[in-house]
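The first chain written gets the first letter, and so on, giving A, B, C and D; residue counts start at 1 in each chain.
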Amino acid sequence: MQISYLSTAEIVFILIAAVTLIAAIIALEAKEIVHGALSLGVMFLGIAGLYILLDANYLAMFQISVYIGAVVVLILFTIMIVPREIWLHRPFRITPEVIAGILAAIMLIGSICVLYLSTPAWSLTPSEAPFDWSVRRIAQSIVIEYGIALQILALVLFAGLMGALTLAKVEEKEEETK
Amino acid sequence: MNEAQIIDELRDKFGERIGTPERLRQHRIVVTVEKENLLDLAKFVKDTYDLNYAISVSGIDYPEQNKFVVVYHLCKMSEEGHLPLVLTLKVPVNRQTPRTPSLISIWQSVEWHERETWELFGIEFEGHPKLERLLLHEDWDEEFPNQFPLRKDFLLEDE
Amino acid sequence: MSSMYFSVGPQHPGSGHFRMKITLQGDIILNAEPDPGFVHRSVEKIAETREYLQNVPLIERQCLSDVSSVTLAYAMGIEELLGIEVPPRAQYIRVIMCELSRIMSHLYWLAILGIFVGHSTMFMWGFGDRDILITETAEKIAGARVSYSYIIPGGVRYDLPDGIKEHTMKTLDYFQGRLKEYDAIFFSNPIFKRRTKGVGVLSRSEAIRLGVTGPTLRGSGVRGDIRKDAPYAAYDELDFEIPVYSEGDSYSRSLVRFREMKISSSIIRQAFENLPEGDFKVKTRKKVPEGEVFSRVEAARGELACYLISDGTRKPYRLKMSTPSFRNLPGFSLMKGSMLADMPPIYMSLDYWPLETDR
Amino acid sequence: MNIINIILDFLNLENFISNIPNAEVQELLTIVFVFLRSDLFFKILLFPGIFTILITVAELMWLELKLIAKVQLRVGPQYAGRIGGILQPIADFIKLLFKETIVPEKASKVLFLLVPIMLVTLAATTLTVIPLSETDVISNLDVGLLFTFAILAMFPILALLAGWASNSKFPFIGGIRALFQQVSYEVPLWFSALGVVILAESLNFNSIIKAQSTFWFILLLPLGAFIFLVAVIAETERLPFDIPEAETEIASGWMAEYSGLSFGLIMLSLYIKLYFGAAMFTALFLGGWLGPSILPPAFWFLTKTIIVVLIIMMLRGVLPRFRLADLLYIGWRRLLILSIVNIFLAITVKLVLF
């Protein structure tokens, strides 16, 4: 006598995946833009849940703190500062962007299908020899193995940040002269 | 600058244009002035005696004599404090057409006092930037149209 | 960037019976307009329908934290019209009551200022000491805690009770110790200084131009105090100083009131030391001769002027109270350009009392 | 053998289940009972879970009432409960339970009512990784510290949403202020905790605590401890940083429109957050459950935590509130720089001592 045909991990996966998908759809379709931003947060949370299922706790925690703690907060903040009327009453029209979006979605789904079909063994449970996700291991791989890449990335980010600051500064000065 | 001097000077300067300045008691001088000469007199007392501080603006209703009187109390304020002298300007205003020039251009501090007097007596101050409801509630005009609480013909219930 | 309009009050923990219309841009106050009148009772009109003595309890309702000065201005006006001389003992008792009122009012203000900047201990201490020390002393003298109608035309209502001198001295000793603690916990507090120093600056000339009065004026460096400039009661026989601070910000206005509490207690001590014997009241007539009078006193919040016109009957023809809170109304323009968080300290540094404005 | 097992044995419900004819239902119920009898359920429900937290938080509220009353020369609560009104917070909560929850007109109803529940849930979630002793922890997560920070990062969203959902101006300003404050103090919080991570070489709370068996980290990193404490006070919106709730400016800020049970839940979540902040401070800097073995480790942990909470509460008695601009200035210009200095200090200590 069998109650369920699925393991606990599979049930949890299906639940989280469903929540993530529904949240993603709401995030795109919500009329009230704040609700949309909020469900974006729920979606990120769901993805973090998936990471935890894959034993990637460290990644999951960063997913939450960066995407929810920073990105969603920024989006919400921006939405709330901008007057509400701007967001409302956008009639639906088939524009080139919409067509391009649909095409991109088809291509994405297609490529995922190809990937799925071309991958032989596919399982939801963690692999036999789990990768060492401990913090020490991550630190070593970041600082030692990919040290130079990290440095270059940091430099690029820094340059980008400085550029943004310079641009902002210039605009401010222009406003002052006006 | 004593009180007798001020009275003499005012009499010399304005003569018939103002009522006789009167010394009520120590430190209190009362001058009655028609509204046509009010601004001149106000400017003069402010420039000459440096009476830069308006203490109060009040209205008085005399229904028998068919007039209101707007009363300004002025004094001098220096860094070292008040001068004890208080000069009182009395401006009689016709009760049917209560209008008088506002002194806000000379003393900024009369702004709220004049607004209050306008509201409670219905005396219009020409040149006042903001004659709006101050103390009475917002639907006063609907409940008591053209009635002003401090006029003598506005009777309280127990009178 | 769009601006935001909202009312602070009359249903707001930081407003009293009064409303401020605030326009905010970002965190900066663009415009702050006071809107008084929520407790307007038309005291001046009611006063015209009552007899002179009946008016005493009426007019003291306009400022319940500082009743002595209000009634004193009114009583002085009537005495001047009647041409009577108040006995010196009554003058001294009046001084004692006025200074007690001043301490009471300033303690009230200090407590509210405390809670306005988020210091709940100052709030509790201020109210506790006010109730236990000062109000109780006033009750022993006048028989009531707040609205005692003690100062009447012709003198005071009762003579001082036995042993009040010792009681008051003991109270003041304790109170002056408490003042030191207030200084330690509140006025020397770096956060309090940071929140009030340089906030809501009112320059000397602007203070005179706007016609503000009392500690608000003295916090801007003007030594304007009726007690010294046009002495009444027994103030010319007592030795006291007027605290003046020239910075003109919220902190100096607060310090003026704080120092005044100390000076007030020394005035009370002196008054008890020099208290003459004799009558505490003279007989007055019910009918007041025709005439007009303009009497000024220095109430806790500033100069309070009473303009009284009599037509020779038992009732005043016109009574106008020019109250300090009303005259400090232009001070609300100080909020323009400061941050929203500066609103409570500026508002409290004006020591605005809505009932006094509305009358 | 824990107390739940004893109660279940006493009730003898398994016998009753075995009489149920439907086999599937029987099996399902059996699984439920296995869970009820498990150690995990005991931990979640009783110790160190919901029950312990609620009792601790209620008594913290009472301690605050009494302590502040002492500072302010008052008596404080007296009547509820035998010892000086010790049951007052519970009485307060029951009162709030029976009060009407008023939802403002035109408010976003679902969000408005959801926010308090989410707040309490989040606050309680953080406590799952805090160990009261080596074994008394619901989940001994290897990235426990990161987990708590991740959860902390979600609080400002809820405050902002509470302000937005109320559709009222003061709560909205309060929400924005809460966002500013919590987001900008998260950075010093992370950075000061980083010093501890460097010394302990772990993100797991138990390992961090064990690493302190020779020296408590407050002795090695006093600067980091100070920054952490300040940041915790700011994160929990206690005085002198209760700017989002500033009563006399913006009328209780983002929680202005809440009443009844939802207000009670918000207060509960704030106190749980306070307890949690203090518990984190204890675990990171005060040696957690380490202490003389005369008494159980959980006792040491709770004692230290309560002392930290009392220190935070005492500030309310003596300090007024900061301005928002000052707060941001302190956060970005002072604490951030100091916390970076703290990381260098931690590295130095690490190189010298270990």
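The rule is short, and it goes like this: a residue touches a chain if its C-beta (ideal position, glycine included) is under 8 Å from a C-beta of that chain, and two chains touch if they have at least 3 such contacts.
What you see is a predicted model; the values in this text were computed from it and never measured.
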Length of the shortest touching-chain route, chain A through to chain D: 1
Far-end chain from chain C, centres as C-alpha averages: A
Maximum inter-chain contact count - chain pair: B-C
Distance from the mean Cα position of chain C to that of chain A, given in whole angstrom: 62
Rounded Å distance, chain A centre to chain B centre (Cα mean): 72
Geometric centre distance via CA averages, chain C-chain B, whole Å: 25
Two or more partner chains touched - positions in chain B: none
Residues of chain C whose C-beta touches two or more other chains: none
Chain contact topology (line, ring, star, complete or other): line
Inter-chain touch pairs (all): A-D, B-C, C-D
Chain D - residues contacting chain A, complex: 23-24, 27-28, 31, 108, 111, 141-143, 146-147, 149-154, 156-157, 160-161, 164, 172, 176, 179, 183, 186, 201-203
Chain D-facing residues of chain A, complex: 1, 3, 32, 34-35, 38, 41, 48, 57-58, 60-62, 64-65, 68-70, 72-73, 76-77, 80, 134-136
Residues of chain C defined as touching chain D within the complex: 4, 6, 12-14, 27, 114-121, 124-125, 128, 185-186, 189, 191-192, 194-195, 339-344
Complex contacts: residues of chain D adjacent to chain C: 68, 71-74, 169-170, 173, 239-240, 242-243, 246-252, 316-326
Residues of chain B that touch chain C when the two form their complex: 24-25, 27-28, 30, 52-56, 58, 60-61, 71, 73, 77-84, 86, 88, 107-113, 116, 120, 133-137, 149-150, 154, 156, 158-159
